[in-house]
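As written, the chains take the letters A, B, C, D and E, and residue 1 is the first residue of each chain.
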């Protein structure tokens, strides 16, 4: 395929992944996930006390809030929050903590159009949520949900060979003929009929599809191919998440509050520690 | 859901320590917590930390028609909603008192104090102006949320640059991409910085309350009175806000203002260096 | 020892493998059992190899029977108290679940005071229950009201570390100044020292050594302590 | 004019939008009475006629004065009772849920009748911004007033009966309230709730010397006053009267009488609709 | 089907109580017999009817019935200034209301979460499918554009409101006419002429086909209100009038094959019935 991407990536290349456990002070788990500049931050609290009106007798109430980077959340945020709740629920064993609340907040860190979250940003929100849930470690899980965005381009010059690309940037998803997000639940199937798998990646099952094509396509295989590419992307994310687990512990020691070097009022510039460039200890690039 | 109130042990120990001029995190009475800042890849995206308190501020601009009564002025909207990410006491969909107080204070500090020159946001009088959206997201509230939010806001406003625009004829407007023409920083009249103090009534009568700069979580919750000052490095006061019933002598207030003024100068200098550093990095990228 | 994620299958080598936190067993239709991971962390095994669990960290306490906890009395309730132990539901503590307590002689706990107690009942459908004695011997065994001192919060893994007699921190601090501590599995540690500054130093060391906080090792903590005095 | 602002629970349009203005200066509504002068007769129907109810769905011969209203009951599957009424352009749907347990914690000796009215945004010529406004509430109050005394609420302690009305299209607000009242009472009957009688409602507009029954939007605008009456024809009692504008006493009484007479006819239709189900 | 064939009120009542207390078991028993509680087969659709133009106060309207599910949609056209960043584009503002009237689980008040999510899905489907180019709503660049408020109301809820509402919205748009409008630069006002009304230049007429997966295996087409809460997975396939895929949405665990199966089931339905949906008489 002669299609070339603006940033020079191959069709099946992701942007660099960022996984950072944020250790936000007032929640039970938090993490940031990014595909290049497309980033989201998620926090999880729970099981905590639930309001009586939302209490469920046989399982924990799972509450999801999604917030855009700019302005106020509208129906697009509510819709993504509802999808997140639906697609993450199969990965959670909510029945273990009845009459409690599991609270997930996802903060987009990337500007998005008012109408909707582009597929890669939605995928970043999903992956950040899974990381925050893993980081909280307080709700047992059946597996891990990972997601990736896919976009479809049709070349006008050549004879109709559509190009599917993984992890489209915002501008790519705007210009693409079609785009969407696919989320998969990675878990070992324990249903009796299947042989017990021995390889290291557990089986994946589709939990969310959100695929739109602008001019319509009568090619039945296109959706399946997009889904397969999404799965390939999600698999590498699953491995990256697994690699990141040791980072949940052990930050490098914080700089000692050495008053001598600080200003008169004790201002200590911590920027090097917090800024993105120097997060190497907590970041992996794949 | 509110966090449970501090235990008797914590409360007693805190006041014992205070009597010995000791703070729980080892700070001096007038020593602030560590500051941190990081910038996003686009302009106007800043995260600040003050100890464990963290706030994200984001500024963007959109062209709109001005209000009929003020055809020469741009618009500024501040969005500030607290989510449970900041703490489980902030419930989604319900406005808490803290949220209202925070939003009001930020409005006073940045909008009503005329921090930004709104006339420079005008493109064509009566036709087109810039509408700035400042969105504040509290990521973690471990005390001093307002100070951190105002610092993040100031940083985001300083960091932000809007696209250069060119007016051709009466109505045509060309917006230049940041790659063709350098974007323009906001014209700010002044940058107010917010500094908070906690006061504790001493045992015995007639003695002045003790004062702590930049109270953290437990310090803030056990405070008998709070004082928040927003002031510019040029020693102009933008906001004075006292909460809690504790009476203060004028000297205490003046003392606090002196400390805050010094702190504002420090913050200004620090922020200036940070923003310039980041801009230096970004310019290299643009080329 | 290997890193695992929820949904991964683990191979059970031992015949009578006992499963600890983070592992769950399923039996399929053919009667085969499989063991699946339910939380992220490292897969651990005891020396005998008959016990396995996933070591991870968490901040939120989910009550488990027999675990010691530090609680804050939230309210009086009938003959006893409701106690906040950091879990979703408050625990109940009976007025008679103390050493030497009788109908006429019950301890008098004030709201917001601290207790060191053991979880006597933990079930997902019931509110947790606490007791401040050993139910067999009816002896306090160190449980009861915690007077004075200070309360420090930490991650649950730090709690487990502090309860481990081989862990360096409390002995290290104890060698420098007299220190009383009651460690709860719920991420709460009660401290008491003669001098205020020693409590502050201890609290700061716990935070610095917490894998969820500073993550310092023994050498770094030693250096850190020397800056505090 | 729709001054919506940002509503985070809906898909939003621009901050401000205006109704189209036409070059002939005529409002879209003034079609029938374009060159009408005071004193002229009612157009298209007799003063005493109401707009047709029924007949489209039933084979029964039309009642005099009342020719073609659609009144259907039981069309909302999950409701305990429901009715749909259509009189030319006015279209109202109503559902009754209950009696169900009252959510309020305090004990009430008698049941409560709760009425909620909603207008669709496209129900009138000027778009209605979909936010509950004062009109929704005052219309709900009028319907509740008309119905309350007909229901045996004394038999339903601790309960609430929810009546939900959706106005799909409204051509004359008073007639619309009357239609909604008929629909609500029919729904209550359909739900099997014990009642003293069906409540029927009719409105009359005083235009010059005439009383025009069941006025449409345009006729309402010509009227010097409008009277709305609700009654239980089976018992010969009135349950609600409401009047706007300024009317001489004699005219008011005349309107009231005409409305009541017409209610008897509508009562027949409602009863028939219930029978036919 | 033992449940339905037995007669007598007490058995009916028992079946009703059984349905209410153990909805899952109730549905399972039907599915085992390869039939659904309302008598349909697994991939059978309910009857669909579309009526347009009955609301005189709207610029266009449609009433759609899908089985008992009834959705009415009205389009109101107003005039506004365009967004300065998109000076030649009008606005299309689709919303759906699920009033308390339409079913016992809905409450009066502002839109429920369900309604918000439905509105958003409808809006993004209509936008992504390119039903109406927003440039067609331009009256005068930068000064005046049409705003089409596409408001749907569900008046009878019996499941699968998304499919019914999408058809109602598209049909109402197809039924919509706009007066010719001219912007007067001197007065800054827009004048409309009543004589010339034009239909909207719709470029695509999408239809959605929704399926649910019950018990991980059984795919049910066009789920009814009773079935909806018992489904693990919901799948919506949107096709244009030629059968080309416009969007695929799915939430909940699904196999790879399930998706393609639903796409072909949707196409089959389109072949047998879909083409006449928007062929109504104006």
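Details
Here, a residue touches a chain if its C-beta (ideal position, glycine included) is under 8 Å from a C-beta of that chain, and two chains touch if they have at least 3 such contacts.
For each chain, UniProt lists the protein as follows: A = Ribosomal protein S5 domain 2-type protein; B, D = Ribosomal protein S5 domain 2-like protein; C = Ribosomal RNA-processing protein 40; E = Ribosomal RNA-processing protein 43.
From a predicted model like this one, the values you see are computed outputs, not experimental measurements.
Here the chain-to-chain distance from subunit D to subunit E, counted in touching steps, is 1. Connectivity note: excluding subunit E, the chains that remain are still joined by touching into one piece. Note on connectivity: the fewest steps through touching chains from subunit A to subunit B is 1. Looking at which of A-D and A-E shares more C-beta pairs in contact, the answer is the pair A-E. The chain with its Cα centre farthest from the Cα centre of subunit D is C.
Chain centroids computed from C-alpha atoms place A closest to the centre of all protein C-alpha atoms shown. Subunit C and subunit E have CA centres that are 53 Å apart.
A separation of 66 Å divides the Cα centre of subunit C from that of subunit D.
Rounded to whole angstrom units, the spacing between the C-alpha centres of subunit B and subunit D is 55. The mean-CA centres of subunit B and subunit E are about 46 angstrom from one another, to the nearest whole unit.
Residues of subunit C in contact with at least two other chains: none.
Each of the following residues of subunit A touches two or more other chains: 45, 48-49, 72, 75, 78, 185.
Within subunit B, contacts with two or more other chains are made by residues 26.
Under the contact rule defined at the top, the touching pairs of chains are A-B, A-C, A-D, A-E, B-C, B-E, D-E. Against subunit A, in their complex, subunit C makes its touches with residues 3-9, 22, 24, 26, 28-30, 32, 34, 36, 38-42, 56-60, 62, 87-89, 124-125, 157, 208, 211-216, 220, 224, 227.
By the touch criterion given at the top, residues 81, 84-85, 142 of subunit E touch subunit B in their complex.
Residues of subunit B that touch subunit E in their complex: 62-65, 128, 171. For subunit C in complex with subunit B, the touching residues are 72, 74, 84, 110, 112-114, 146-151, 190, 196-197, 199-200, 203-204, 228. Contact residues on subunit A toward subunit D in their complex (touch as defined above): 72-75, 78.
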